[in-house]
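Sharing a structure with you now.
Chain IDs A, B, C and D follow the sequence of writing; residue 1 opens each chain.
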């Protein structure tokens, strides 16, 4: 941590900043320049609140000089993380994975139809939500664990892996037998209790970026999971909130190369939530793959307009098959397979 | 709901939009203009996803023409809601309330000292957090229910009311005996399961605006609580995320008059989280009162710099006493008491 | 324009809204429902300020039902605009164009070296700035018209076309002989005086999206140029300001499919300004092409780190050559040539 | 400037960063820690592009440790700037100034009526626009210099000072005789050519914050004017663009205390543009004064709904008189006069 003093800072002010730093448990190196004094704090600064020092009298700026995350940082695994699943499927590495399925698991028929389509189109992961807290208490709330069982069967019937959202700690245990990858939704990205528990699980976690979260905050949340010993974290860009209203969110495609630079973790692009509009999904899916995404997550449904939730952003099965064909070509164009 | 067709929309396109609306359970009135056709959908449109219709071929715009909330709307209670507490204290109405206390309840001494100060300064509400999920698993996680008991004692000793954050459904029951007002934090503003349960409780709920939530979304979340029968909802503006970095958040003071126009619910200003900086708290507290806030929520601590959390934004007790004196004058200047 | 009245609106309120609409020169159709009255205003509503009517007593919402632009709308030219240049080069249509060059024209040597590289790599457009108002009055301010002459020579020597920024009306006339396409910078996107003059010119205009402009505002600005009779407008996405700080701007890739849906005008992606970082340019250039961009604009320099401006986002010539090879494959993958 | 190297940075990487810094003309102090090396660059770093160094291999972070502005910084004039006008009126200091008038000067009658009201209500500054580039080429474009002459007469008749917007360098000269304070609009905040010329003028400049500008960028723009020798700069907060749509802009009231902390320049609050809605203006004007604004700028018109521009945000004269009475009390409540 670097504390840059104001030009007119007095010796007294400088001393009391040094005292505050020492009291916080770090060592201080002082550089006295002709116009400005700089204090470098070395030691366990990760947990310190920088603003606190910025408020001290005579201080101009306080800057972090080490990344606030360690395990999630590129340097921790320069070669990059490849998350490997029991059936040999991978996320990370040269092959671009595809995760597809409905927003909500609705019934046996629906999910088996979709599973067959996902497999036939060449994707390896089936997604579907079992818990759907909705803005109306009268709306469909999801099938719960029984729904997960059905999706698990459908997945097994087609050698697919399942990805599904966990919303509360109490759901982890019952979900475990039917889940190959836990998804943490955007609203729970900073639910630290939940993240801590998922750090104890030995199944991969797909962590979605919050709607107002910076990439640094996303990496800090992944650190939380990893610090529990679960290193199989997959990040996901799904759109951030900006002033633009022609799409539901603004999908931050640049998060993909930024994550690849800062971290070793794989990153998925979710054009369904990223745009909120079916007609924008194909263009953004292709953009994500071209930018280097390690996987694509899309919502699909045989009767998209009648889907129990997220209808407007859900692709019809034929649209998905068409998209898969197109993505395969784009992946090849950037030196990857799909 | 109004569906405005494109100028060149065909009869076929118009018919299939009408079909889709009818199938969604609403009545349709068609106005055929010389250049443009307009469809007005009347009926239960509250749960409809507008984007779905926007994607239909030939459609230009889809607009809502009724507010998506009813119970939270101004028209529901034109005279405004005054939340009344058992000891006669109120939030809403002519008097500006003050809610003050530490970010986290740390120990008996701390909270009793603060309670005495809160009372002496003329405020009526004591706040303090018992559950503190932190980014580091080694950091202080809060005292839990035992902490709440201590705060409740301190409050009773000084005829104060307690406000404290609930983070999970399972906490509601054990918190009930020690809590006068449940706070829902910004990260839980759209935790609909939690909101639904709080709709069943018969104690007031202070609902904080999410860091990326619109005012309309805040009102929709309050509607969720009210639809359960709990009408004692108090809204809270605590800063939104923007591109500006000189304050931690941008406190949207205009949310105060906007809420007063759209809704009958009282609204609180939280300059501590709104700015994240102790030196900005007084100016923003005064601005909130001048703009019409029904209450102010501030973090205070006898040893602010050593507070277990949120140190940088926490006022010292003397600063709080000074602020109370200043707020009293500002409240009077806008025709209210404090 | 649709005016939706509040449920409790009185006849008096409704009448005075009708009066205000009639006075504004439009016809009003009234639909009286059991709970809500709707007024549809038909006529010349384009210039009306909607907020004005929203402030009238008893009004709930006011919505536009026609797009605020006509000439820029897709319906005006459903087949899409292809801007054609005197030498036969095009922007729009099946071929993806590439516009490359330094931020600032620095000297004859520099621009001739770059022109040779641009041509050899297969791009058709040479860009370079002649007017460079800088934050320091002592910094390099650009070579002005003499610089443009040099760039024009370099372009002609290699059968390239020139794109260069115009900042003031007084520059148009002297720039004309040396300019094949006028660029309007992000800061001037709403400089209506400048746009009006460019509507009189008979050379294409490349209009950059403002850093805080919506796509609708971008289209309105293009309308301004087109209303003067100059239909050869090319739009450009170059990043918008959001709360994310790991890139200088957030490049809104979804603006590309959105513009293609709403408008017939071609759209260019500028990953140099979009990211502000050389190491992110290739990924975002590929993403833009995959999403359907009609052209890519990149800053290049033989000695990028020493470039007189925008050094950090400027590619070295070898990086550009490599990027061109990659873009050619991505363009083919989405069914286009480059 | 501080360059923090990555933990695994090699000696070679460190050396080439040092070379790059030295070549950029600064001195380098190296601190080699057990895990991380820090380079402190001392010297003329103001003009350096930090991103350029961030891209060098082995670099983790680059931070500025001196403010990028000098003349605008608080340290330059710790006592604060008070801009004094020829008739003795001041902006800055203990008295809160009020600047009021129509968006556009429309005719003699209008501006004389308004001037009389401004004076009678106790305000000292009359504002009005003479140049009104509009989105429609057929809309009212302003009266130009003849309009300014009329406003100047009206101001003199009532011992008021005039504030009016300058949009182009060529307007400065003809405006000079009729203008007491030049306003630079939000869209021109970074029009550096215009700012440089205004630095040569010896009349105060009111500089509005751009709709997407940070406070630091606002101060940098003010520095540009001051570096020309014109120290009479008045800043103005008029709303920034965020995702919230219930107000036209989000007025960043916290910019007022932030500017007071970082700079010695006075700051004005503009609730008219800040909200875009007449019904929100009074609350936000009071909030701005309570937060410490040195002046308030409001749009007023005897026939607000018929104003040639900005009608929705313009107060009627009686509303303004009422607001003046209220502001006087709020100013007193924060220890100031008005």
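Definition applied: a residue touches a chain if its C-beta (ideal position, glycine included) is under 8 Å from a C-beta of that chain, and two chains touch if they have at least 3 such contacts.
Model, not experiment: these values are computed from the prediction.
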Which of A-D and B-D has more C-beta pairs touching across its chains: B-D
Chain whose Cα centroid lies at the greatest distance from that of chain D: A
Approximate Å spacing (C-alpha centroids) for the pair chain B, chain D: 31
Intercentroid distance (Cα basis), chain B paired with chain A, Å: 27
Length of the line joining the C-alpha centres of chain A and chain D, rounded to whole Å: 39
Of all residues in chain D, the ones touching two or more other chains: 212, 241-243, 245, 279
Interface residues, chain B side, partner chain A - complex: 20, 46-47, 49, 51-52, 54-55, 133-137, 139, 167-168, 187, 190-193, 196, 210-212, 220, 224, 227-228, 241, 248, 276-279, 305, 311-313
Of chain B, residues touching chain C in the complex: 2, 4, 6-8, 29, 31, 33, 36, 38, 40, 42, 60-61, 63-67, 75, 241-243, 245
Chain B - residues contacting chain D, complex: 212, 214-216, 240, 242-247, 250-258, 261-262, 274-275, 279-280, 283-284, 286-292, 326, 329-330, 332-334
